[in-house]
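Across the two complexes that follow, chain A remains constant while its partner is chain B and subsequently chain C.
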Partner chain A sequence: MNEILLSVLVFSPLIGILALCFISKNQEKAIKWAGILATVPALALSLFLYSYYLGGNNLSAFSEKVRWIQFGSIANADSKLFAVDYELALDGFALLMVLLTAVLSTLSAIASISIKKEWKGYFMLFLLLETGMLGVFMAQNMVLFFIFFEITLIPAFFLIGKWGYIEKEKAAFSFLIYNGFGSAVLLIVIMVLFARAGTSNIEALRYIINVGGVPLVSPITEGMKYGLLIALLIAFGVKLPIFPLHTWMLRVHVQAPPPIVMLHAGVLLKIGAFGLIRFGLGIFPEQFKDLSVIIAVLGVINLLYGAFLAFIQKEFKMVLAYSSISHMGIVLIGLGALNESGIQGAIFQVVSHGLIAALLFFLVGVIYERVQTTSLSNLGGLSKAMPLTSGFLLAGAMASLGLPGMSGFISEFMAFLGLFKTDPLLAGIGALGIIITAVYLLRAVMGITFGKQGVSVRTKAMRDLNSVEMVPVLVLLAFIVIIGIYPSILSNPLEDTIQLIMTGLGGQAG
Partner chain B sequence: MMENAWIIPLFPLISFLLLLLLGKRLKESSAYIGIAFTLFSLLFSLLVLWERFTSPTYKIGTEWLKIGDLSITAGMEVNQLNALMLVIVSLVSFLVHMYSKGYMQGEERFSVFYAYLGLFTFAMLGLVLSPNLLQLYVFWELVGLGSFLLIGFYFYKEEAKQAAKKAFIMTRIGDVGLFIGMILLFWETGSFEYDAIFKAAAEGSISEGMITLTAIFIFIGAMGKSGQFPLHTWLPDAMEGPTPVSALIHAATMVAAGVYLVAAMFPLFSESSTALLIVAATGAFTAIFAASIGLVQTDIKRVLAYSTVSQLGYMMLALGTAGYVAGVFHLMTHAFFKALLFLAAGSVIHAVHTQNIEEMGGLWKKLKITGPLFLIGTLAISGVPLFSGFFSKDEILVSAWNHGNYILFFLALIAAFFTAFYMFRLFFLVFTGNQKKEAQNVHESPASMTIPMLILGFLAVVSGYVNTPWFGTFLGDWLTKGNHYLEHGHEDSPVWIMLAATLVSLAGITLAYMIYSKRSISRDWLGGEGSMMYNILYNKYYADEFYNLSIVRLTGIISVFFSYIDRFIVEGLVNGVTGTVQKLGKIGSRMQTGQVQQYGTIAFFGLAVLLIIFALTGGIFE
Partner chain C sequence: MNLDTLLSYEWGHMAPEFIILAVAALLSLLDLFLPKSYNRRSLAWIALVGILVAVVSLIGLLDSKSVSILHDTFRLDSFGKAFKLILLIGAACVILLAESYEPKEGLKEYRGEFYYLFLTGLLGAMVMTSSGDLITLFVGLELLSISSYILAGMRKKNPGSNEAAMKYVINGGISTAITLFGMSYLYGLSGTTNLKEMSGAMSAQAANGQFLYLYGLAFFMVLIGLSFKLASAPFHMWAPDVYQGSPTPVTAFLSVVSKTAGFVILLRIILTLFLTMPGDDTQKLSFLETHSIYISCLAGISIIAGNVIALRQRNIKRMFAYSSIAHAGYILVAISALGYFTFDAVWFYLLAYLLMNLGAFAVIQLITDSSHSEDIADFAGLYRRSPLLAAGFAVFILSLAGIPGTAGFIGKLNIFMNALMTDPGHFVLASIMIAGTVISYFYYFGIMTQMFFRPAASTEKIKVPAGIGAVVVLALAGTILFGVAPNTALDFLHNNFGSFNDFLK
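Here is the complex of A and B:
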């Protein structure tokens, strides 16, 4: 069982697709149940792995490796070269990402009960998307990573384009073009590495680039390493997104259906951060070190730029979209700090923002379903009609602006702690973002919940959260608070990963 | 008992959680849960204080978060200052819980109010038990949340919404200062623990410039919370919250957290004379600045709010002139008499349903309990001899004089005059003179409201006697005992300071009496309404207007500027790229003419170019 556990985990959602084939497309209830249930095995398995790992056991027992594709044979090269294996494995960081994906997938599937049409197609694509996301975090070589990465793009494209709001097609194309561009750049990097080193295994590449001494098919020069790292920065920068590559994700955040935005903001964007850490920092630590100031500066730009723009948006979804950009700045700030505190903060932010963004977008979906608008000028005084929704929205905003006791604070704190060590002045400028974040979030959330009742609120018959809708809200909030109070449940599994990264950086102490 | 002090903040937390879950069903009996749990906190706090009189400081800590080799701990510490604060906070909170039962009667969200009170009390008690800066910061933000929720309790009112937002944001500006200061200190000393920081500061392992810098950053945090100029404007607006909240949060406890922070970090501040001077100057300026605004306000709660700002300035002045004991002493007496004043004001508002003092009058006969209690509070804050405020204010003046900064001393003296004047203006306008027609059906408040006021009234009189030049400086001796970072606060003082303080306050009272009660001096003797000075004071020196025109406007301008970048440069660039691709595509498609000759020509030239490239580079097979 151990040898195929990870494969079962990755491909378990596909069983749901198979089951869906046998359900008639009009049986709404059955389809939704099947869709939700199909996400449960992955959730159960990842929870099992998490508790197994916390219990002090080693995850390498679950690693899988099967020879998959052999690319011809070049006369003077080793026969082991130019082969691609099917290999899955987990470390602490990947485990957390898998767990995040599994949790958000189940919750987002629950949120998908609000989907109004063509449920069958929706859930098939949804489950395919989940498989792609799970695979991305477990793939042990870049080719396999790329395949899973592409598997996420296609279902996401259709989910946005078909089930989104008014300008859904435009948003879907924008999504595809930018991400396609990012993928192309990523593919170039992978191919260059594969062609020159003869392998795409991440571990092997880490060794080849950093330690060297391995005969290569064709040399990788110092300059080329920088080029490859910058290419990775662009490829994953589109995904994260890094200013100025961000405009596509605004459209997606506004136009995609809320459950998909939960996954998009919660997991898909985080693939950008994951890639930067795993490949950028993992394979090219020396070069990353040289670029770290630029990355920190980009982080501060993201943070402030997103925050200022979120301040003047008239549409709540746009506020949250810019807020995502701003919060991804924290990830870059942590990575740019390049010490234990900063990197740990960056990874915390990846997880924490995933949970918080999912919570906020879920509530956006709830509100939109009731009042058919998220325009700030039409909303207001929601607390009266929907006290629970308003209360949770405020809680989500507090988490997002980094209130201590919630996960956002821990990540923000560690990222800034890291940057204050390496570059106090830049960190001081970035700290202004903490104020502006409070300003724009309170403006938006209080505009919706406090004050006089807005036009749309007054004219609609409102009902508060029902018991099904309470599930995602309470689960997400529980995670956010638990991480905020007891951060060790995240930092303990991360210890090995961060140790490895620090070793790559030459043991530069925190 | 001291080793179990951690349980004290947990009581109100349980109350908060219980009320969140069950509040809807319990309705107004929620009050009993809140009152019971804060009573537990109060009893435990008293036990801890009692034990702390005889035992040494107790401290525990455990690892909370590991970052590589760094270990960040959480724990608690019971020293003199903390033990004293525990009692002040839990006592005032308990009394306010009790008072609110009557005051908030009939409120639809009664249980929510008590839940929020519990949350706030939890955070405030947690704050004073913290043994390190990070933990303090955590609770520091949580008390801010409690304050925010309670200011915005009447969420449907636009003013309450704006006030809550303003309070959160203005204090957050200060919080970022604290955040930066705390992190800088961490990298200097490798720890957030107070002890480690003080040790490093005393040993000189932190450079002098760094001590000053971090102390100033931490003081910015204290300024935000304690409403010191220029971050003071949120505190008067916070009066939009229910009056019991104003008494608890915006008078007695949370706003004093800034003073507490400076007091707790005093060993760091005392290493830098520059930092101390900044604290003292800010405090003195705020004291007189806010007092002058208080002279002309017409809303009973706003007058009290400005007096709070002014008194907090006094405490800062004390700390800044190295008067550690004086600052903490005034913090304590102020907590009692200001909570009393607010609760009495609430009782007045409860009776007459207005906050405008011009619409009140002649209430002395109607409110037989509230009236005398309000008078006690007014006498205490004005520094009339034998009341608590007299002793603590005297300590501050002595501290300022002994420190040798005479300008600050005289500022404080003038502020004392202002205080006596505007407080008695308030008293005479509300309680003497003719009854206005709004005040016909006036009744004294129920016992649940008057009993807490009676207790506070008692404390407002006697709490001064724990530290007097006549009977002994028990508080000062105890606070500084065994703490080698602190010198003994009380120094022998010239007797004339006490006389001067008394004279100044009596002068203020007399002037107020002449104008507002006896009316032998016209109210307009100094220009009156409509004069420039009046307008400036009435509009609070136009601080809000100034912020709106400068910082708020600037934020808007930057945002709009960024949005143009987003729309035109970023999007423009993208559109440019797609446009170019399209054009290239068009050129390509134009070549598809179907003429074989043209294809041949292009193929030929292509081949030629490739050959030239190969010839120049040597081809792929190097």
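Here is the complex of A and C:
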């Protein structure tokens, strides 16, 4: 069982797709149940792995490796060359991401009960998306990573384009083309590495790039390494997104259906951060060190740009979209700091923002369903009509702006702690962003909850959160608070990953 | 030549060609003598059986060593076998499409010739893959071309079809003339038409620095002449009109079998004649290193022009014409960056392209025939009318767009690897190719939007004829199989054809 556990975990949502094939497309209830249940095995397995790992056991027992593609007839000479294996494995960081994905998938499947049409197609694509996301974090070579990465692209395109709001098709194409461009750049990087190093295994590449490998037809020159790292930065910069590659993401956040935005903001954007850490920092540590200032500067720009623009938005969804950009700046700041606390902060921020963004976008979906608007001026005074929703919204905003005791605080604190050590001036400028974050979030959320009665709010009879909707809210909030109070549940699994990165950087202590 | 030498040749190695020739002859006789009222649709099945028998005979020959008969004019080496297999599979699918083809005015008494002209075209293509001599190479090319000219004009009362045939004849004639002009230089300088002898003579002359410019000119001319056949930009002008006007099975034939044949002849000429040729008398650079820039330009322009112009097309067949121009560019990237993986890359891409393109054309034929129009709006709501067909078409499109999980992705991966592992790497070409791929998302996913997001104009269910259904299923299975487990094809290639070591011997 151990040898196929990870495969089962990745592909378990596909069982749901199979099951859905046999359900008539009009049986709304059955379809929704099947869709939600199909996300449960992955959740259960990842929870099991998490507790197994926390119990002090080694995850390498679950690693899988099967020969998959052998290019060229070179196999007789050296069967490792130009071969792509199907290889899955987990380390602490990947495990956290898998757990985050599994949790958010289940919650967003629950949130999907608000979907109004063509449930069957919706859940099939949804489950395919989940498989892609899970696979991305476990892939041990870059080709396999790329394949899972692209698998997320197609279902997301359809989910946005078919079930989104008014300008959905435009948003879907914007998503497709920007991300297509990003993955195109990524593919070039992967193929250069594969063609010139003869392997795409991350471990092997780390060794070949930093120590040197057998010379093949043509070498990877020093200059080329910088080129490759910058290309990686662009590729994942589209995904993260890094200013100025972010416009697609605003459209997606506004137009996509709420459960998909939850997954998108919660997991898909994080693939960008994951990739930067895994490949950028993992394979090219020397080069990353030289570019770290640029990365930190990009982070500060992201943070401030997102915060300022979030401040002037009139749409709550736009506030949150810009807030996502701003928060991803913190990831870059942490990575740019290049010391232990910085990197830890970056990873914390990845997980924590995933949870917070999912919570906030879920609540936005709930509000939109009731009042058919997310314009700030129309939403005032929601606390009387929907006290629970407003309360949770406030809690989410507090987490997002980094209130101590919640997950947002820990990650921002660590990231900035890291940067203050290496570049105090830059960190000082960046810290302004934290203040603006507090301002724009409070302005938006206070306006919604306690502000002047908005047009839309007064005229409609309102339902507050029902019991099904309470589930995602409570679960997400619980995670946020637990991480805030007891961050070791994140930092313990991360130890080995961060250790590995620090070794790559030359043992520079944090 | 007396009877003894004639009999001493191992004619068995030409068995696939003989079978196709015999079936083509049989069909033309049957067509002549069968009563007028007889429905000639059944002739398609005879043609299909003929092709399948040829496939079987070819498989029987897989193990045999490289053989050369008829004074080296006909060579059956692994190169020939590998590409003949692709041609035969492609032709079999095209025949299945043709069996189900029903234009609105009907094919009437021309139906018989419709089938056997495919076979003669196929025969020409097969001769090209196996020829060791410029003369046979050219005869094969002409046999293929002339059959295609007639096929393009098969709808005799249809203005579009007539236009297509006319344009094709004129453009084809020009390209043939240019090719022959280039070949005449080769013959004139080396004094022989036999490829192997010619290669020796050319290398010797080039090593002394003789005739290098003339050989460069000859290479250039032959390349341009053949690039008409490949429909690579800037010599692609005929393709959109011909693809649009021809009957759909013929379009499929042109985009798959005829294009494959074009690449085969290009590879043959480049690899036998120019690969070992030095580029100057100092022997520092090889001839191809100094001249492959021509191929790179063709590749780059094809990718950009094909993908960009396809964005503006509303006619689905025209769109696929431009898409096929872009795909020709992708394959040219592999040829331009000659390296260890070139054969693998070209062969696998052609195989993948055959499957995904034939599958797509099968669906296109079905939809355009039933709606009597070729606008992409006819695909609106296909998902509602026939979910399975829509899903199949979606897979073909994803494969054409190079999305993982499909054969098209692995094909592109192979080409990239080939282009990037050379020293210096072909970074510009690879970037153009990937940029082209991203551009292509616009129009490929535009079709998706029609199929899945738009409401259908009619709710009428679509009836799938047996021939088309068979092609769709076959192509779908292949596209997914070679996308998920590409080594089924790659191992087959390596086990049976080695690394094409016998190519130059």
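Keep in mind that, in the parts below, the second predicted complex is superposed on the first by the 500 of 510 C-alpha atoms of A that agree within 3 Å, B and C clash if a C-alpha of one lies under 4 Å from a C-alpha of the other, contacts with A are read in each partner's own complex, and residues count from 1 in each chain.
Everything below uses one rule, namely that a residue touches a chain if its C-beta (ideal position, glycine included) is under 8 Å from a C-beta of that chain, and two chains touch if they have at least 3 such contacts.
Because the structure is a prediction, the values reported are computed rather than measured.
Visitor: May I ask you to name which of chain B and chain C touches more residues of chain A?
Guide: B
Visitor: By the touch definition at the top of the document, which applies to A:452: first (chain B), second (chain C), both, or neither?
Guide: Once the two structures are laid over each other on A, A:452 reaches chain B alone.
Visitor: Between chain B (first) and chain C (second), which does A:154 come into contact with in this model arrangement: first, second, both, or neither?
Guide: second
Visitor: Using the touch definition from the top, say if A:414 reaches chain B (first), chain C (second), both or neither.
Guide: Only chain B is touched by A:414; chain C is not.
Visitor: Check whether A:341 is in contact with chain B, with chain C, with both or with neither, and answer first, second, both or neither.
Guide: first
Visitor: Which partner does A:162 reach: the first (chain B), the second (chain C), both, or neither?
Guide: In the superposition, A:162 contacts chain C only.
Visitor: Just to be sure I read the superposition right, which of the two partners does A:234 touch: chain B = first, chain C = second, or both, or neither?
Guide: Once the two structures are laid over each other on A, A:234 reaches no partner at all.
Visitor: Give me the intersection of chain A's contacts with chain B and its contacts with chain C, in residue numbers.
Guide: In chain A, residues 177 are touched by chain B and also by chain C.
Visitor: Using the touch rule from the top, collect the residues of chain A that touch chain C in their complex.
Guide: 68-74, 82, 143, 146-147, 150-151, 153-154, 157-158, 161-162, 169, 173, 176-177, 180-181, 184-185, 187-188, 191-192, 194-196, 216-219
Visitor: Please output the residues of chain C touching chain A within their complex, sorted ascending.
Guide: Touch list, chain C to chain A: 339-341, 344, 398, 403-405, 409-410, 413-414, 416-418, 420-425, 427, 430-431, 434-435, 437-438, 441-442, 445, 448-449, 452-453, 485-487, 490-491, 494, 498-499.
Visitor: Taking the complex as given, what residues does chain B use to touch chain A?
Guide: So the residues of chain B touching chain A come out as 64-70, 134, 137-139, 141-142, 145, 152, 155-158, 160-161, 164-165, 168-169, 172-173, 175-176, 179-180, 183-184, 186-187, 555-556, 558-560, 562-563, 566, 569-571, 573-574, 578.
Visitor: Going by the contact rule set out above, which residues of chain A touch chain B in the complex?
Guide: 177, 243-244, 246-247, 305, 308-309, 311-312, 339-341, 344, 381, 383-384, 398, 403-405, 409-410, 413-414, 416-417, 420-421, 424, 427-428, 431-432, 434-436, 438-439, 442-443, 446, 449-453, 487-488, 491-492, 495, 498, 502, 509-510
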